[in-house]
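Look at the two complexes coming up: subunit A is in both, with subunit B in one and subunit C in the other.
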Partner chain A sequence: MTQATATRPTSLKATDITIEVVYRGIFQKTLAQRITRGVVLAARQRGLPGTAFSRYGDSPERNGVPAKQFAVVAVNDIELEASMARYEPAIVDVTVAVDDTLVKGVESWAWYGRQPIWKPVRANGVVLVTSDKSPDEILAQTDKTDRPYTLGVIPGEASFAGLWVYKDDHTDWRVLGALSKVLPDWLPLDEVKAQVRTQTKDENAVASVQYGHDATTFRPVKAGEGTDAHEKLAFTKPGWTTMRTGVIVDARKPGERNPQFKRYATRTQRPVVNFDTCIKCTMCWLDCPDECFEVTGSGHFEVVYEACVGCGICAQVCPVKDCIVMVDELKFDSNKTVFPEWEKDRNTYNAWFEKTSGRSAAPPKGEKAAVAVGGDE
Partner chain B sequence: MAVAVKTKETSEVQTEQLMTGCEAIAEAIRLADVDVMAAFPIRPYDTVMQAAAKLIANGKLDCEYIVADGEHSQFEIVKHACAVGSRVFVGSSGVGWFYAFEAIAVTAGLRLPVVAICGNRALDDPGAFGTEHNDSLAVRDLGWLLPWAETAQECLDLALMAWRVGEDARVSLPVAIGLDGGFLTHSQQLVSVPTRAATDAFLPKFDLGDRLLHPDNPITIAPQVDQDWLMEIRRQNDAAMRRAIDVITEAHADFKKLFGRGGDSPFLDEYMTDDADVVFFGQGTLALPMKVAIRRLRAEGHKVGLVRLKWFRPFPTDEVVKSLSRFKAVGVVDRDYSFGSPHYGGVLYNEVRSALYSREQRPTIVGFVAGLGGREIDQSMAREIYEKTAAAATGGLSAGDQCHWIGVRE
Partner chain C sequence: MKMAVETATGTGTLPQIKGVKEVPYDELFVSGHRTCQGCESALVMRHMVKAAGPRTIVLGSTGCMYVANTTYYSTPWVVPWMHTQLGASGSAALGTAAGLKVLMRKGKLKDEKINVIAFCGDGGGADMGIGAISAALTHKEYDLLVLLYDNESYANTDIQLSSQTPWGAVTTFSPTGSERRIMHTRWKKNVPGMLAAGHPESRYIAAGCAAYAVDLMNKIRKALEVGGPTFVHTLDPCPKGWDYHPQYSQELGHLAVEAGIWPLYEVLDGVVNLTGPTRQIAEGRKKRKPVEEYLRRQGRFAHFTKEDVEHFQAEVDKMWEEWLIPGVIPFTIPQKDVTLLNIDKKKPLHATA
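Moving on, here comes the complex of A and B:
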């Protein structure tokens, strides 16, 4: 490789910088790619070499599955080589979560377990989240940390703009603006703006960079801050002398669910059920692609939240209005099944249902009472 | 197709019969009580599927016999049958073998002890039926055990060895026996056929243990593992291949005790090597014309012998080094090619050189590519091979003149 032409800016203390973008499969793949590309291109503006790549073991085409992309910028080509020919950096300076529900943990389709969002972030690094919530609300759902970092919230909802059929919404430029705020030595605001201006010839895009830089709110997080509510889910990878012969892993026995690979980190919304209006039609149970519903003794169908990926099909097929409602995942801090609460005290449960879902728990008015199909009452 | 005819009782445990190499393999299938076979015709492998089908038709063998829609399915069928605990047999030749290549690769990766023959055949186009070893050798790096047979007798014996060694829990790897197309697959020879009872004493029932794919034993085979597991999986295959050396040695000793055959070494067959200065080294049926040449050369006073390799994988490095370092020069005769390889030598040539590299006392090694496409290796060719090797032994061959094509028209 040839040496980069630029000399190392004196302000740069490190030899390289690594930025991770955690995103949801397919919906945000292109968005993540644009952000990491934007970092490399902005750094190139001042002569620094960089590389952008995705975690190769991910399944970025699968709906909602957490996945990662990276950008590495270095002071010269030699330093950059340390980050090339690599699937996943072990330590990053900044993690960007482009969907705030990802702070509940990242479980990719591999042998990673559920990882805290800050897991690869170095001490005193930065976690940036795009969200319409406050840093305190985000922190309340983030795993308790063992090292200090800075949490920044970039205003905005989880963006689908990377998906072909959605209009661009400048999430990528706002994230680049926020990155220029936290990495001013590596990505000076003026140079990021100059690069975006060259690339887009659109002053609105440049304004979005400025907005991301100015509007991102920060909160220092001390070691020990965060929640203990989320399940620990980690693997110990076997060695060649301890693993089974013949590429074999234990399969599930009938009725048993996978204790190690759960996939609920794929969820951005979860189904909440009004058991009072349920007509036991079986549609949710039948159509759920992940067999998440268990039949209760009373013939209701309760959601096993450890297995649910939040696809929303149950809510779509349910024939009763507001009987199954999809609710923002950040409103929950437990995967415990809620049916026993309804059995114990319907009034309390229904009050909780109304507060959580924002819908009425009363039977739909002015409509014919639904008829149970094959009911046992 | 000839029908095996009993010629004489040789002992209580076996009878002599006249049959082709492929029919000898079919006899082994019967004796091993194979559960599932998958077949798809290609010459020269196909005579074994005909012979085995006839055994089933005549009530001599109770076996699920599945004719596939091509070699890929054929090898997939036995791989899956093996995973549910069936003793299996399969085989192919030349480009048919290559059409099955994906299934062949994963069979070894999953440690499923499928037993196959590769009726060695030139990789056509252009159309060619005759023997070349490149089809078998293409899988040499994948975890298949690769023995080569010299005679119809050895076809039968190696097949029984193959199930015993491959299915041994210490190994659990597939085995592909190399049979030279035509010379071995289609020529009838006298073969001692063991009785079923004697075979049972040698070959235990196949037992996959807790690896059995069965509703009572829920397992997942071959999940997505990526870089997190794959290196450990490869290392397990490596360890299994290393253990195979001892398991073959054990099986060979038991076989010899029961049936009185197999020679001194499980891996090498030495012929007139005691006082030899020069030896030929090769595998398969080429040993036959070379032995004739050796007898004639010895009559003229030349100290020449033959070392025939019986197992190419696992490569018996220690035995090969111990044997070949006794001689002044070794002429490695390859019935294969490896275009662009070191010194433009054959596969076996470079394996032998690699095995001997770290030895201080090592013979001069000369490589010969001969008999491709089944071209007969005649006595004049054997003599040319000897003369070039003997010249190398006395320093009469330059370093740039290490590999030769024999019996090729200029």
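Moving on, here comes the complex of A and C:
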């Protein structure tokens, strides 16, 4: 291996560097692996030891549930080992969010609460987001920060693939390019490109590294910038001395939802309902795996957005065209139910529905009106 | 003479649901569980307790529906729920049913009907727990239901192969490669058919799917209603391991049934009753869809060639064209022995004294 003999840079100020990739569980697991491994392999180009690992607590991953992987690179093995003697890096230099809706907060498990995307980023660190939106639009949905950092937006839509089939849209190479821009001492562009060239033998991949380096737009974020709109959600974990015998937990009361785990941070899209064309067939409510529909006095089904995970089943099983539409989560800054707005003033609600969903609120024309299904038998 | 072993009687209080409008609104398994987006097994849990009602104890063996539903010190269950070990759903159900019976006999608990349901995944049930489930199904003096939610892999530990994984599917134990395209070469074990054929004292065994919610809830209710040890097996599309967008969970459930891969049926007191589209297919009122429509929507079959699809189709065709009871019991009888099926039941075959 020629890499091992390369000279170690003496210009590095820190002894190690930690990069965190926040991603959508399962969908982006392979993508996150490719990014963190890419960082480690690039650092190997100049003899710097590194390691890539996923957060133990995220396993088993679930589709959509926010998860984390890390890449740690150090000046020598001792520093690497010291930096690895942590269950989960509490402070990172760079956070990469590979789906822009993650800036609304990260809730991985019950009791984590919903955490701001910048939570582990050190002061003057960097938050990189892959998005087709501008840094200002992203910041408008990011929690208010208590320390300054730099927000970088890597152009591109979120790359969602499944577990077995990797969607190779070069997001990994663009992210590595952007990382070489923010960490030029640790990951010089030329060495990242050399590594990607060796690894892929594909000049298009190398070009994507260059593109990520050049096209990423940055915006300094001062302490106090960001939004207050998102709900604060934090819990105190009971210690082992306060747990009850047999690890007994009180059951939920009828009509209650699990207050310790709200799940909406899993959502990349949310269902928006046209209550005027709803035929009250119950299918959305019946087929929802997360029990997030509430029946109203009028027999409609309203979405409880605190509980909705955005799977899209309701929109899929709804028999009426455009009655339930899945809309980009970044268009919303509240989990408040919208049904009372419709009850109050249908015209205003329908105008909002059309603006938000981009679909007509009028009943489908020229098609046979949907009939209420008597069952799914 | 009094029989040494009494027979359990069931509730007799859970009426069949006639349509979606009759499904109860009360949720006994609520929001706030760490399942995947579009998790069909979570839907099975929801329908299961919805059908059973509040006087129910649920026991869960290790698997997705244990780990995801009891995230650190929190729970979505409104009914009492207890974790039991992998493979222990049969014994846990039996022990709990027996314990309740004793407590009621001694007057320590009010004498009332309490449903006991133990669930297990395909790993915990069809692989590890099959012995204990089989044993439980022979104890006709206890009311219990074992529900096997089958997402066709060890999904909780990130998709390893189970005996319920379909032929050829990619799992972490059966990756596809350039040397060997198909690593998993065994056909899915026929669990409900096997249990129905081998447990004459279990009054009710059924196969369902949450994509047919009312049908599934009615099967749960019937199982609890007739009493004794009963078993329900559900096929649950799994966006994580099957690799499809979560919004298509219902559609894949429908396709599995419509392609004849997952027949819906129940066996009550030894009588087979096909339900839903499976009945329509058997009666010739509906054509089976090609299995390709089902396979091509899932990443786990993305490596399938035309020949692989044809093989899969041929195996499914066999279930329908050659099995003794289509989709349920897989024996065939040679043409020369067909008369054996028409035994004159009035004529005793055994020697008389």
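By our rule, the second predicted complex is superposed on the first by the 347 of 377 C-alpha atoms of A that agree within 3 Å, B and C clash if a C-alpha of one lies under 4 Å from a C-alpha of the other, contacts with A are read in each partner's own complex, and residues count from 1 in each chain.
One rule holds for everything that comes next: contacts are C-beta pairs under 8 Å (C-beta built on N, C-alpha and C of every residue); 3 or more make two chains touch, one makes a residue touch a chain.
Everything quoted here is computed from the prediction, not taken from an experiment.
Novice: Now for A:Arg62: first (subunit B), second (subunit C), both, or neither, which partner does it touch?
Specialist: Once the two structures are laid over each other on A, A:Arg62 reaches subunit C alone.
Novice: Classify the contacts of A:Cys311 with the two partner chains as first (subunit B alone), second (subunit C alone), both, or neither.
Specialist: In the superposed model, A:Cys311 contacts subunit C only, not subunit B.
Novice: More residues of subunit A in touch with subunit C or with subunit B?
Specialist: Ranking subunit B and subunit C by residues of subunit A touched puts C first.
Novice: With both complexes superposed on chain A, which partner does A:Ala251 reach: first (subunit B), second (subunit C), both or neither?
Specialist: Touch partners of A:Ala251: subunit B and subunit C.
Novice: Just checking: does A:Gly297 make contact with subunit B only, subunit C only, both, or neither of them? Give me first, second, both or neither.
Specialist: Once the two structures are laid over each other on A, A:Gly297 reaches no partner at all.
Novice: Report for A:Trp111: first if it touches subunit B alone, second if subunit C alone, otherwise both or neither.
Specialist: After superposition on chain A, A:Trp111 lies in contact with both partners, subunit B and subunit C.
Novice: Does subunit B (first) or subunit C (second) touch A:Lys237, or do both, or does neither?
Specialist: Both partners, subunit B and subunit C.
Novice: With the touch criterion stated at the top, can you tell me which subunit A residues are shared between the subunit B interface and the subunit C interface?
Specialist: In subunit A, positions 109-111, 237-238, 243, 247, 249, 251-254 sit in both the subunit B and subunit C interfaces.
Novice: Show which residues of subunit A lie in contact with subunit C when the two form their complex.
Specialist: 25-26, 59-65, 109-111, 162-165, 237-238, 243, 247, 249, 251-263, 266, 281-283, 286-292, 295, 304, 306-307, 309-313, 315-317, 326, 373-377
Novice: If you look only at subunit A, which of its residues touch subunit B in the complex?
Specialist: 56-57, 87, 109-111, 237-240, 243-254
Novice: Using the touch definition from the top, list the residues of subunit B that touch subunit A in their complex.
Specialist: Spelled out, the residues of subunit B in touch with subunit A are 109-112, 169, 172, 210-211, 218-229, 231-233, 235-236, 239-240.
Novice: In their shared complex, at which residues does subunit C touch subunit A?
Specialist: Residues of subunit C touching subunit A: 18-21, 23, 25-40, 42-43, 46, 54, 64, 67-68, 70-81, 155-159, 170, 210-215, 239-241, 243-251, 276, 299-300, 302.
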